[in-house]
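Look for subunit A in each of the two complexes below; its partner is subunit B in the first and subunit C in the second.
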Partner chain A sequence: MSAPANPFAPRHGSLRRAETAVAWAFRSATYFILLCGGFVFGNICLKGLPTVTGAFRGLDHFPYVTNTFLFEAPESLYVFEHDGKKVEMGDAEYRAFREAETARAAAEGLPAPKFKAKSYVYASGGIWPCIVGTVLLVVGSMTIALLLGVASAIYLSEYAREGPFVRFIRLAILNLAGVPSIVFGLFGFAMFVLYFDWNVSLLAGWFTLAFMVLPVVITASEEALKAVPRGFREGSLALGATKWQTIRKNVLPYALPGILTSSILGIARVAGETAPIMFTAAYVVRDKLPWEVEKFGDFVFQGVMALPYHIYVVSSKIPQNEYTQRVQYGTAFVFLGIVALIAGSSILLRNKLRGRYQW
Partner chain B sequence: MPPESSTTPAVDSTVRSFRIQKERTRILGLTWDECIQGFFGGNAFVAVIVLGLITFFLFREGSSFFTQNRDNLTIYRQAGLEYVDFGRQQEKDHAALSRYLSDLRLRTLRHYTDQEGLPAKEAQARLAEFDRFADRFSSASKPLRSLLSDLGDVAVDIKARHQNNLNFAEKRRQLLAAGKTAEAAEVELVPIDYAGEVAAITATLPDFAEASATFAKTLEDLIATPPALPAPELTERLTRFQALTRDYLAGFPATLEAMKAWDPARPVPLAQSFTAFVFGRQWLTASFWQDWYGVMPLIAGSLLVSLIALALAVPLGVGAAVYVNQLASPTEQRLIKPSIEFISAIPSVVLGFFGIAVLGEFLRVASGWSFLAWVPGFPFAERLNALTAGCLLGLIAVPTIFTLAEDAINNVPRAFKEASYALGASRLQTIIRIIVPASLSGIVSAILLGLGRVIGETMVVLLCAGNRIAIPDFTAGLGVVTQPVHTMTGIIAQEMGEVEPGAIHYRALFVVGLLLFFIALLLNFFAQKIVRKYKVSIG
Partner chain C sequence: METSSPASAAPVTRSLATPSKASEGRDGAPEPTLIDIRALDFYYGAKQALFDINLAIPDRRVTAFIGPSGCGKSTLLRCLNRMNDLIDGTAVKRGEVKIRDVDIYGPSVDPIELRKRVGMVFQKSNPFPKSIYENIIYGLRIQGVKSKTKLDEVVERSLRGAALWDEVKDRLHESGLGLSGGQQQRLCIARTIAVEPEVILMDEPCSALDPIATAKVEELIHELKKQFTIIIVTHSMQQAARCSDRTAFFYMGKLIEFDETHNIFMNPKNPQTEAYVSGRFG
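On to the complex of A and B.
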């Protein structure tokens, strides 16, 4: 009589093999996603990095070094043959060169030289006005969004009692989060640009972006406020403080780091969106920098160049070739770098802060 | 002096200063705290107000589209363009048949050169008979075409004068508004006798009928004696061509009837303007002939691109969610979750640029590889098409689906899993039979929200979808995914910058925006409903 088989022994069979196979399928799906994201990121970084690193120039005055890609305005690129060599020049350089050559030829009594130059718009120079514009748009819209959003979150988390009114507000926030960004663009165009007659301006862009990012800020702030333990509030109230004193002294200071870090994710969204600013705030090209306005009051009523819109313009309105690639990849790299930095720091900080106050 | 101090005279001054103040400052009958609460409550209401404002402004700008489109359709009828279009349709169908013939010629030529190995010159010579046939076929419509072109000129002229009148009326209105009555009186509207002028067009019906009859006779004679073709496959195509031509000719009497019954004075109901938008198969703007605002091609494009994106993103996103939540080690979890969140931060315009610069070109080259020839739609020539856009949108949808689905799986009570193990189920069985069904409502709502994200995405489709405004040819089966399309979001982004505010085209774009807005709300609504209704919980 043989001993009974151990019923708990690991079984080898088709079930086991299927289990391993399915686990591997799930695992490969996960890593495939990461691979795709990593490839996009890596491709743009690899091809865009040389644009930025190759643009450092020495200066003979204070900072002693500058980056022509980051700190100059976009120009047209001229490509022509000179003395049997292919020469690429930016707009200003090309004009100066042509004049010098013509003058030299005239001095030597030769006929004026002819240049057959091919021009590519925006393919030379840098993206300084776009960086400035994006920063202005982000700062303004995030200020508005944080003021409105944090106040809403304080109401929802501290004052409101569950009821039809609060449910209605929550429903609105949830639905607002799902509205496509292009619809925000249309709305901003109809309301701010046309109805309020602000034209294409920073102000119109600020409000459009702020409204778009409002749900993100409210949700993030509410989560941060909820993370502050009840004991903090109860202790303060028990000592006789009013509700507002409690919130101001004992809730907000502890929630603030959380509110700010989570709202950084909102910044990434604001900086990354193109559709809402297309008709409300962004210009294809603008010679002046935003602070070069005649009156101070005009500051908020001017349109700006913005990085995401510039990427759209250089990737769709000019041909793809070796001359334009520099600026296309360079812009995409700088933009992706900024957004990735913002989003990355937000994610890291949030993971650090999570569960910090647990009593 | 407060009353309580008289009853407790022993309390000294230091204690008294700690006493809670009962009196409160009141503003408009509200205490300070209530004011603060009101302020915060008002701020919370901003979300509701913004949602309301979006609805209001989209309606405000878009609502008069339907009346304007009715005017647009009315003048189409009054000026006789509609009448001429009956004939033009006949002409178009004939042109399509001619294209079928030239396609057949190309195939025959290839047959001669590739399979019989004839030199190009010899092959062309052998095609001479076929060419004569094709020439006679396509030139048969000449008399009809010149008649239609004359009629079209008359109709377009009426429409142009109508447009002039509208412009003058607008000018006069502006002058009157500015108080310049004398100048306003000088602006003269030229009255148009629509009925009389269109009668000149409809009077040519006998001519048209005659031309049409001769045309039909020519074609009939022609297809009775088809040229000989070298291969049975090609002959079969020619037979198919004959059948198509017969069908086409059989439609002639109906067209004639429609032209006879056509009445320029019949009013266009508002409902027709509505259906012309919703079911219209053409989006054609800035045309010399007639502008059409039919949203069908855009909806079809949006849906096609979104379906491709979801087909890629759902298995990947849900699979990754299951893996991370159930199978991965804690270290993996800590690394993978933020990484996928990080992918969601990649701006869509950068992805769009990536599509133009890298992915589009890669897919086109890959579609030419011989070992991929079995894939439907491969190879394709257009670098930017629904597939390119769909792949990138998939990458956008993955983080949304992943995060929400992972949340849903995480919310499945632990006891479910433990009970399943206790009953002897394996890990795979537990996942497939217990965990996934229990979190299905959350997963479905994650997919719906992912769909909302994809349908509303603008920059990727604007840059990568190819921007051809036509309903994709679904007869190509799955190969339809490699056709260029245009989408609802893309058309708004592309055309909004070029339109004049208040014009019908501007209003049409707002109606498309309104449609998008409601689609987004609807998806959101269903996502929430599903979660609430089918939530599985303990007990």
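On to the complex of A and C.
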């Protein structure tokens, strides 16, 4: 009479609708996050990029072009009217201008001109000392964190005998990862700045930041070491290698990509945290660059300016207006760029290592 | 480093060795004993894995350990180069293992030196993720050998010894992981013989290989026994029958029977052995 009924025909209409709805719920959650992230980053890039691109200046000597925003120290911005026009000048330029105008007026026998300028602190010049400080903080603290962290991960994963004590240590380390960064800041202040008497210094900041990322580094390094197959260790030991020879030649090299992955996360955290350095290493403003110390030994005992702290200062300690907005967004934009740059190069290094050792 | 303690190093030098005991070989000639296991009790924590093992393993012969899973044959094998030391809670509670009359669990024996003399090939082939060349010289690098000519020579000799030279001589500097399964296992054998051990322990070396690769490894074992004492743990009774001179049958942590391979398979004395080798077991 007719074709046989299709046994595979969809039956539960409501079930199928629920399937679709659930899939869409997950999808939209992901896209929502993406949208928020895109909005924030887009906003920073859109408003911050002109600050950087608008700061290129020609030079009459090598390298013939510079970027005042990237490579100069912050200055106050002076805004005033001159000859009926609105003029904006940085601190140094404004002083020179004022002197020149006064001298010109004196030469022409006119009364000394009056300047009524509004000043906006930090709104002119650049963020070079902050960039230098942040890079120094990241490099130093990651070195300390990796040395200490990998050493203790090797101990926990290769040497320590499993037992309640080691489990306790591991639990303590994991808990350390959840401690708020301001607590690390206060710990560093009490321990390094006051007790060790290092003052507000690079060294204190390095150790404070290193302690903050240590839990992440240790946990991830241990995982990376555990991921190296047992056979490599046994094979090496069966050839008459000692334990340390085995670890150094036949375990650690293969775990390195994993360890670097963890340190990439660490870099982003170290570079971005404000709270741990605000008591230990960061200055609001410092007119000397770190290498302009009198004795080389003082290098690690000086405080520095740092990008995250500078962002905190310019976004909360100075008025918000069209003049200060440039430096606020510009700093955030450069900061994102630098973190991306450091993380990017670590990723490249990791991929290179990963290509070398595969099993 | 080489002679950390005189007691551990001197007796394992082949020229100085005197056999502790001689048993009659199949052809009637005396077979010197290399490894003498006496009344060995071995524990994993509180669980006893080996019960009163007595075994005299002859020099430069192939000895096979057979038995069902969990019977302790791999455990005994790993006792012979103290690989069990690496597992927490393991202990030899009683008895001794003598290699050339030195108790390897004695206080004057360094397990590192022991493992240079007693090499091991694992069930799962484990070439290191390095080049073939680097794999072979790993043991020598560890010992601090730097001379390029010496290393080149060892690489060729070891690969020839493991019947792998012709297959890989043009790609010595490519990764050892690019080889096939059987080649990888022979690479591991080459790596082991590169450090010139006296004994090679093989823990089910063919369990992951196809029949052709297995045949190659068995052929290799046949060649190697001219130079090395080989102890092989295997699940395949055919393999034990094909390539070993003597066979030990284990069951539940006990040594049930140890004899000429021929006798174990054709004329077993113990009914349990007979049941196992004829496939009527479990």
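By definition in this document, the second predicted complex is superposed on the first by the 324 of 359 C-alpha atoms of A that agree within 3 Å, B and C clash if a C-alpha of one lies under 4 Å from a C-alpha of the other, contacts with A are read in each partner's own complex, and residues count from 1 in each chain.
Keep this in mind: a contact is a pair of C-beta atoms (placed from the backbone, for glycine too) under 8 Å apart; a residue touches a chain by one contact, two chains touch by 3 or more.
Since this is a predicted model, take the numbers as computed values, not measurements.
In the superposed model, A:Pro229 makes contact with subunit C only, not with subunit B.
Shared-chain residue A:Ala5: touches no atom of subunit B or subunit C.
In the superposed pair of complexes, A:Ala343 makes contact with subunit B only, with no contact to subunit C. Of the two partners subunit B and subunit C, more subunit A residues are in touch with B.
When both complexes are overlaid on chain A, the residue A:Lys249 reaches subunit C alone and has no touch with subunit B.
Once the two complexes are overlaid on the shared chain, A:Leu15 sits against subunit B while remaining clear of subunit C.
Of the two partner chains, subunit B and subunit C are each touched by A:Gly240. In the superposition on chain A, the residues of subunit A contacting both subunit B and subunit C are 240, 242. Of all residues in subunit A, only 161-162, 229, 231-232, 234-242, 245, 249-250, 254, 357-359 touch subunit C in the complex they form.
Only residues 81, 83, 86, 88, 112-113, 115-116, 119-120, 122, 124, 126, 128-129, 138-139, 141-143, 175, 177, 188, 191-192, 195 of subunit C touch subunit A when the two sit together in their complex. Those residues of subunit B that touch subunit A in the shared complex are 20, 32-33, 36-37, 39-41, 43-48, 50-51, 53-54, 57-58, 60-61, 315-317, 319-320, 322-324, 327-328, 336, 338-343, 345-354, 356-358, 395, 398, 402, 426-428, 449, 452, 455-459, 462-463, 489, 492-493, 496-497, 501, 509-510, 513, 516-517, 520-521, 523-525, 528. By the touch rule above, subunit A contacts subunit B in their complex via residues 15-16, 18-19, 22-23, 25-27, 29-30, 32-34, 36-37, 40-41, 43-44, 148, 151-152, 154-156, 158-160, 168-169, 172-176, 178-187, 189-191, 194-195, 211, 214-215, 218, 240, 242-244, 265, 268, 271-275, 278-279, 308-309, 311-312, 315-316, 320, 325, 328-329, 332, 335-336, 339-340, 342-344, 347-348, 351.
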